[in-house]
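Please find the structures below.
Next, two complexes with subunit A in common: one pairs it with subunit B, the other with subunit C.
Then we have the complex of A and B:
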């Protein structure tokens, strides 16, 4: 049976305040697997978030900070959290009320399962 | 790099697409190979070559789509070592145009596809209706029109 990553997004979406979780190709911005609540435009979100993560990773490398571990974007009404491996990045879109500490731990654990 | 267009309605949609999707090259063309607007090329011969190849690729992939699915494929993507090519069909007032985009690691397939949808909306709103008595694209004066369009793009009209 082919290995899928849906268990990762299924687990992340269970956190209170999480609106969507997806695994996206870092280079192409295409969704590999996603679990989204109604109202989240997955394709647009994936493409833009992957681009953001890619640039953050390059910025960190250019600054001599090494690899990017966890990326958090705090906006007025929500947050975007991302953690990536070599080729894939896990992206979570969530409300302000989310337990960020718990989410961060699970994201970093989940990244270890990615190729 | 200069954006140049044959028809004025092409300028705004193409500029938005280039700025948003961060592509290196973008060419809007008629499926026959006639260029309508371009960004990224400095020589007319390159535009002519790209349009001819894009037109041929579209014809081949459309026929392949018809054979496999009964309808033409709407987009084609090719990943090279450093650059990628995206060729998409753009509906515009009863005709289908083609957008050829070349991009590197500054952009991505996801971004190109995302902003392609906005581009389609802008083109559909801006493109003039096709006149019923408009001659076929491959008429006798095809080459003359092609040369005129290229001359307009590169300021030699």
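Then we have the complex of A and C:
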């Protein structure tokens, strides 16, 4: 297993429409590694997205749906996508025009490399 | 079963594709959880031996394990057409009907299976469970997408079967259309003041394996239902648990400058869930995992229109 995961974020940022890719601690919202375009506030996205993912994971588990994998939030001016392992979550910030299917597949593939 | 045995059976089948060893091989693979390979073996076998009930029974069992209940039902019906007393098919249909919340049908199939094999204690236990669920069942109406032909039900069952359990509700692309009304428009019967609010989204859904709920800002259910396999409506519980996600999304959007959130979808082990703001509340669609995420998003869009119509008429 690689010691750093920068190859994951480097690969994700190459998708058209992706503005930033981060690997973040699910519990603390702290960035482990990130690849961001200029102007993207990584810390804010990391903290709030991790919090959203954590909430979705807990709520889904409480509702009896089991573990959460891929999550996408679509907003008026962009999207957040996330996929989590036990301790870490990969977060991608992107524009509306991103190829969501492709991104989802790569996120789910990448998350398998996380501890 | 040891891997060597599986390899040996594979070699026998490769040398003679019409050999009936595919039945054992497919079952062994199914038990090992290698469902894709097992299905390929079973489908090839069923294609070569279309009149062999056990071949279709194998396809059905593997399909059921894969969560492909439509195919499982179709294959077991084929088995019964070939061999009406086939206990495996009755048992399988009994379990699928139970999963779909169609308890009367489940009891009928399991009863017939038990009649054929009274020594099967798993059937006795299953039948007891179904009967207990039937006793506890409230007024929750049965819904189903996967139709089971009337002819597939045991002939000695003399009770009326609700139309919905036989025909199933129309899939989303076949939703009933009234002249001059969009397919997502509110069905006429739901305009009535005493309309069943639980049924508002029924015709948009993929039956028992999916559900739609309209929640208010406090997470309380306004319309829709979430019926479990034993017939209980879990809408209030599910709604309360999941509505908090929308609050978290709103909080995040306020700080991130992405504008208002329009939709959240997420996949879990058991379900794909999509939610969107609807007036002051949130609309939520959940579907069992074999149903693809894209379909769930599409249902959500249509359910949003329906919710808007319903709120306007409420």
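Simple rule for what comes next: the second predicted complex is superposed on the first by the 113 of 115 C-alpha atoms of A that agree within 3 Å, B and C clash if a C-alpha of one lies under 4 Å from a C-alpha of the other, contacts with A are read in each partner's own complex, and residues count from 1 in each chain.
Keep in mind that, in the parts below, a contact is a pair of C-beta atoms (placed from the backbone, for glycine too) under 8 Å apart; a residue touches a chain by one contact, two chains touch by 3 or more.
Since we're looking at a predicted model, the values are computed, not measured.
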{"item": "Clash or fit (per the criteria above) of subunit B with subunit C on subunit A", "value": "fit"}
{"item": "Partner chain(s) touched by A:59 [first = subunit B, second = subunit C, both, neither]", "value": "second"}
{"item": "Touched partner set for A:9, first subunit B, second subunit C, both or neither", "value": "neither"}
{"item": "Partner chain(s) touched by A:35 [first = subunit B, second = subunit C, both, neither]", "value": "neither"}
{"item": "Partner chain(s) touched by A:27 [first = subunit B, second = subunit C, both, neither]", "value": "first"}
{"item": "Touched partner set for A:75, first subunit B, second subunit C, both or neither", "value": "second"}
{"item": "Superposition-derived angle with apex at the Cα centre of subunit A and sides reaching subunit B and subunit C, degrees in steps of 10", "value": "120"}
{"item": "Most subunit A residues touched (candidates subunit B, subunit C)", "value": "C"}
{"item": "First, second, both or neither for A:44, with subunit B first and subunit C second", "value": "both"}
{"item": "Nearest Cα pair across subunit B and subunit C, whole Å", "value": "9"}
{"item": "Overlap of subunit C and subunit B interfaces on subunit A (superposed complexes)", "value": "44, 48, 51"}
{"item": "Residues of subunit C touching subunit A in the complex", "value": "237-238, 241-242, 244-245, 248-249, 251-253, 255-271, 273, 286, 293"}
{"item": "Residue ranges of subunit A touching subunit B (in the complex, touch as defined)", "value": "24-25, 27-30, 43-44, 46-48, 50-51, 54"}
{"item": "Contacting residues of subunit A [partner subunit C, same complex]", "value": "41, 44-45, 48-49, 51-52, 55-56, 59-60, 62-78, 80, 104"}
{"item": "Subunit B residues touching subunit A - in the complex, by the definition given at the top", "value": "105, 107-111, 113-114"}
